[in-house]
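Provided herewith is a single structure, encoded as structure tokens, for subsequent inquiry.
When the chains are written out, they are named A, B and C in that same order, and each has its own residue count from 1.
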Amino acid sequence: MERVTESAIGDIVRGAVHFGSGGGGDPHLGGQLLTAAVRQYGPVPLVRAEALAPDALVLPVVSAGAPYALLEKAHSVHEAEALRAAVEARAGRECAAVLPVQLGSANVAVPLAVAARLGLPCLDADLMRRTLPSIDMTLLRLLGHPVPPVTLVGCTGAQVEFSSGDSAVLSELLRAVMPGLGLVALASAYGVTAGDCARLGVDGSISDCARIGAALAAVTPGSDEGYAPFLHACGGRMVCTATVAELVQHSTDGWPRGVVSLNTSEDFVRIDFQNENLIVSRSGTVLATVPDLISLADADTGILLQTTDLALGQDVHVITSPVDERWHTPAGLDLVGPRAFGYAVDPVRFDGTATLVSAGPR
Amino acid sequence: MASPSVTLGQLLDLGLLQRYEVLGGESGLRRPVRVVVVGSTVHEISELAAGSVVVFGREQLALDDLAMDLAIRRAGSAGLSGIIAARTSRQVPFVTRRLADRFALPLIGVDDIGPAGVVAAFDPYVRAPEIAGLRVLGDAARRFQRPPANANALTSSLAATLGEPVALVDAESRFVAGDPAVHALLGTHPAADELGGPHPVAVTVRAGEADILLQPVQVDPAGLAVYWIAVRLPGSAAGVLLEPVRQAVAIAALSFAVHVAGDAVRSERENRRRSLLLNEILEQPGDLGRRTAERASALGWRLAGWHTAVQVQVSHAPSSVRLSALGTELEEHLAEHGLSVALVERAEGWVFWSTTEAEADAGDPGPLTKRVAAALAAAEAEHPGLRLCAGVGGAHAGTAGIGRSADQARQAVLLARTTRRPATVEHIDAVSTRRLLAGWYGSAPLRGAAADLLAPLQDADPSGELVRTLRCYLDCQSSAKAAATVLGVHRNTVMQRMERVAQLLPADLDEPDDRLAVHLAARAVDVQWDDPA
Amino acid sequence: MTRPAETRLRVGVDGVRARAVAVDGEGRLVAVHRGRRGDSPARVLDALFRRGAGTASTDRVVAILPDLTLAGSARRARVGVLRIGAPAATAVPPLAGWTTERASLAGPVAMVGGGHEYDGRVAAPLDVPAVAAFARTCAGKVDAIALTGVNALENPEHEQLAAAVIAEELGPDVPVVRGAETEALGLLERENTAVLDAALARAARAHIDELSASVRGHAPGAALYLVRGDGTVLPALDGYRHATAWRGAALGGLLHGAARLAGVPSAIVVEVTADRAVVGTTIDGLLPDSGLPREIDGVRTGLRAPRLTVIQRRDAAFTGRLHAALARAGGGPDELPVVLVGEAPDDLPALPGIAPIRPEDGDLAAAFGAAAAEAAGSVDRIFWQGTGGGQDSVTRARMLALDAALRAGADPRKLRETPVREALMTYVPVPAARLQVTAVGPLLELADVAAVEP
């Protein structure tokens, strides 16, 4: 895929929802935002990291906002410029391209729209290969790359920068400033060059979204077979078809934790979720866990759903699919395995097999 | 089963945990519990022996944690008898509760008690389930060492001992004290109709969703039950715990029987005291000793003033009615109808009288008659088949007036008996002809002649059907139709019987004199007379 | 003056299926008119009244109007679109993702400074001169205005102020639709709804005025309501500015009406017509949510979509699909009765294991549902739970829903409430939650009010 035209936007944001694993925001807003940008500035060129000079600075972009807050108050046109200015001023040189930090409906659309607005190409890559709730959960950091500096830009022009710090402290600080910024901000982190990206080998992220999004559009709801195009495209499998019986959420340490109870024709399926779906289990047997993807598709329409928006009585398909192999290494599981999210279970892959390397106790 | 065992349901019923909730797996509450242990990890559950109950603290395992689903699954396959864990304000997910249901593995949420505390509370009863029974028995023995002061004390003490609702009912299944819900439940069972039968024994009956234990209270061990104790049995009262519960209820029944018997003795003594005193007053009204007068006023009897006496009699009583207790009941009913009086037991029933300062106040017997009738009706309503009647004497002055009015009351009550209607009260003054008749009925030779007159009918029809038909026919002014209505038979039946009567009777019913004599005889014939002095 | 309850009549008009009924206080059908498909709602109502259905004693007329669409409406209006909230949300301008054809209905579009934060505090002061300037550019060019403020559900002040400024400039004949009049999460969702409503305002007025003339002519004392898409009532005056709110009323009214005809509070309802079967569920006067957003003419709106399954009868697998739809519609914990209504309920093959209720006059279900429609109020927004804790905001959400139901005409003594649905804020762990709750109940009887007053 060489550039993002208006006609490709639907597939890209639809496919990005797949990488949201039940989170990452509803695709409608992202689609509107990107459409507005593409209509105003024209299609966004996509580039491979190898095509840029290895030392070229890239601009990692992530929308740091609660999806619900973003629905009320989307980004401002000024944030993109302000973010680039802040990053370039610190680095002392210009950015050559925009780099999406994660894949999710908002966080694919926002970097592309930022690229359009800034007249920059967008790397066909990202740093997570899925949606994860914290800016430090990247493959780059897995390689030892530091998270700071972190820059946040609010819509009224307020800027915050954390130039160094432990990732746990950073997360705390980020959380602390978000209310002041109205729960919505444009963010950047990591000092990254095109060469870093090339070494990371995370090519084809936006293209993957477009490909999977197109496959989702080809789904014929009503039967399991109808999902073949999508399952083939994402390499996933359909776990079951079920009805939403209950959805409970609570927050103890500020982070929301929730459980979806699903009724199938034979038994009960449970999904433990926080920002994304993290574990799917059936009658006490774990079927799949984070870092693999757990999606819920509306049985009537085939649309992939946000877990917090589920309605009681809604019929859904539970679909699990694989994620970048590097998340299944011991270090990867330490960062984003089920225990990293506070669940005392061993990781299980999307197809029910135990992960190759078992994570040790933390 | 090798040894008696206790179930988790029984342990919970013992009330050892202040606050708990059965979150799922309720059907497993009847599984035997072999041991109760503190849990440390989910993994060790698989190593626990079948029949174990594992208790987790807040720190080890939260009820809404995914690991709880794993725990239920492991516990289910290891044949455990339950999981107990700390409750939080957070909702336990639907899937978790239903999973417990599927494995029939009781999932219990508890408040404010650590796992060690739960184990310590349950352990003695798990090791030796019979001590749970002993606890109940010991408690019953302690509480019922002294007979309960009344029915309410019995039911509340027993309910506290068993932890289950208790009701006391009488031999006709009427509610006396305790939990009305248990009484209502019992009412749905056919056994409720047989409580008055001979040879009462303790039984357990299934009423609706509950088992009810019925224990008779017998004053005379060979006699009828005077009361029944009804206990809704807890689900836990099975196996090793059932027998202690039964015995505890039997202890309570014995203890209450002692109270009832004591009560009966006390009231009998009191009654005897009153009748002796009345006899003294009636025999020597003009010359009462000082002590007699003092005792009378101690009982609240007034000797001066105008007295109106009332005599109450039983016309018919079914076997289930305890006549010894009836006097007290009547006093209660009379009091409810505004007559706070002390009944004095006499050979032919009970007597009481009301006293006013002036003759004028005693003049109109209407209100008194009505109140007595209402009280009798209330007493009859409580005992199906019971028939009462009463007579009211005229107002007479002074100590001697008591006896005079009482005599008239006795004559009036004879009259009342002849009418055979429920709760009949007759006043001696009401109709002078009645007084006339009372005199006539009171004459033994005349009654003998009457009996002779009707003897052919009695011989031909020992059931008394002919006499009753004759009396009714004459009462109805020789109208076969009206008599048929009263008797509830066809008019032709009355006609046929009357033809038969005419054939048998040595008198002609078309002759006014004969007819009057036959009529009087018919009205007098069934009454059990005792000759007035 | 109060009329005895037994003489009070409610009239229900099913403007889609050309049916009208008059129902007495005990819910009995008193008069019926069956017109021909295509008859206008006013014509159907006239015909019912001409049957002498106690016009004087009719105190309420509730009508199901046909859905209005941009494509189908010759009388759609040009709309001036104002967004209050700049610089926030400017990355997604109004109508950003609309197709060019749809976007062509817009007149002037502007984003002005103003708006609020998630907790109701002012994000930027309202740029009143810019609002006035926008209004002047609209003068003579638009038929209606749609204006929407950022976080205006939490604080509608800037929306109200701007609406007043615009009314001052353009006069009372240009309807102004505010986004916060629709209780829905999402700035774009509310904005799109407001724009569609504004565009349809002319057509809506024409429909309602025609009906209203008929009511005035026959039953001048009667109040006029429309049926919303969820089968509850919308006061006719609000209908002028909210044509999208009555979309889907034909089915919403039918679901409730079928259950009422069958005498059950909750049911799975199947409407069978010559070419299709529609399966829906009504639970205690409310339609379960599908969990999916509702799009109109390809535009995402803030309206909620009830859970419905439509099965074409020419579909080879018709019976199988119908069975599956019934099984799923009854997926809750309680066994629900199945009610069959519509033009052709008897065409349906026997359904093994299901003994459906077939009420008499099943073709009148929607008209009956209209006559008996209740009033509802909903809340669906983000609540900042700051210091007060979650319970305070839950209480507030319930109060707001009750208030909304009262505004729609409900009797405050007879309201029922759904449990409050709480969804916590993800990704940014702050004490805020999306709360959803609905209150519903029968309409306040004016006679009852008169009766309780001394």
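Operating definition for what follows: a contact is a pair of C-beta atoms (placed from the backbone, for glycine too) under 8 Å apart; a residue touches a chain by one contact, two chains touch by 3 or more.
Everything numeric here is computed off the predicted structure, so don't read it as measured data.
Central chain by Cα centroid: C, whose mean Cα position is closest to the mean of all protein Cα atoms. Between the interfaces A-C and A-B, more contacting C-beta pairs are found at A-C. Averaging Cα coordinates per chain places chain B and chain C 63 Å apart. Centre-to-centre spacing of chain A and chain C amounts to 35 Å, using the average Cα coordinate of each chain.
Chain A and chain B have centres, each the mean of its CA atoms, that are 76 Å apart.
Under the contact definition stated at the top, the residues of chain A that touch 2 or more other chains are 250.
The touching residues of chain A, when paired with chain C in their complex, are 23, 26, 28-29, 31-33, 35-37, 39, 64-69, 71-79, 113, 117, 133, 155-157, 175, 178-179, 182-184, 222, 243-244, 249-251, 254-256, 258, 263, 274-275, 298, 300-301, 303, 305, 308-315.
On chain B, the positions that touch chain A within their shared complex are 42, 64-67, 69-74, 90-91, 93-96, 98-99, 102. For chain A in complex with chain B, the residues that touch the partner chain are 245-246, 248, 250, 259, 261-262, 267-270, 272, 279, 281, 283-286, 343-345. On the chain C side of its complex with chain A, the touching residues are 85-93, 96-97, 115, 117-118, 123-124, 150-151, 185-189, 281, 288-293, 300, 307, 309, 321, 328, 331-332, 382, 422-432, 434.
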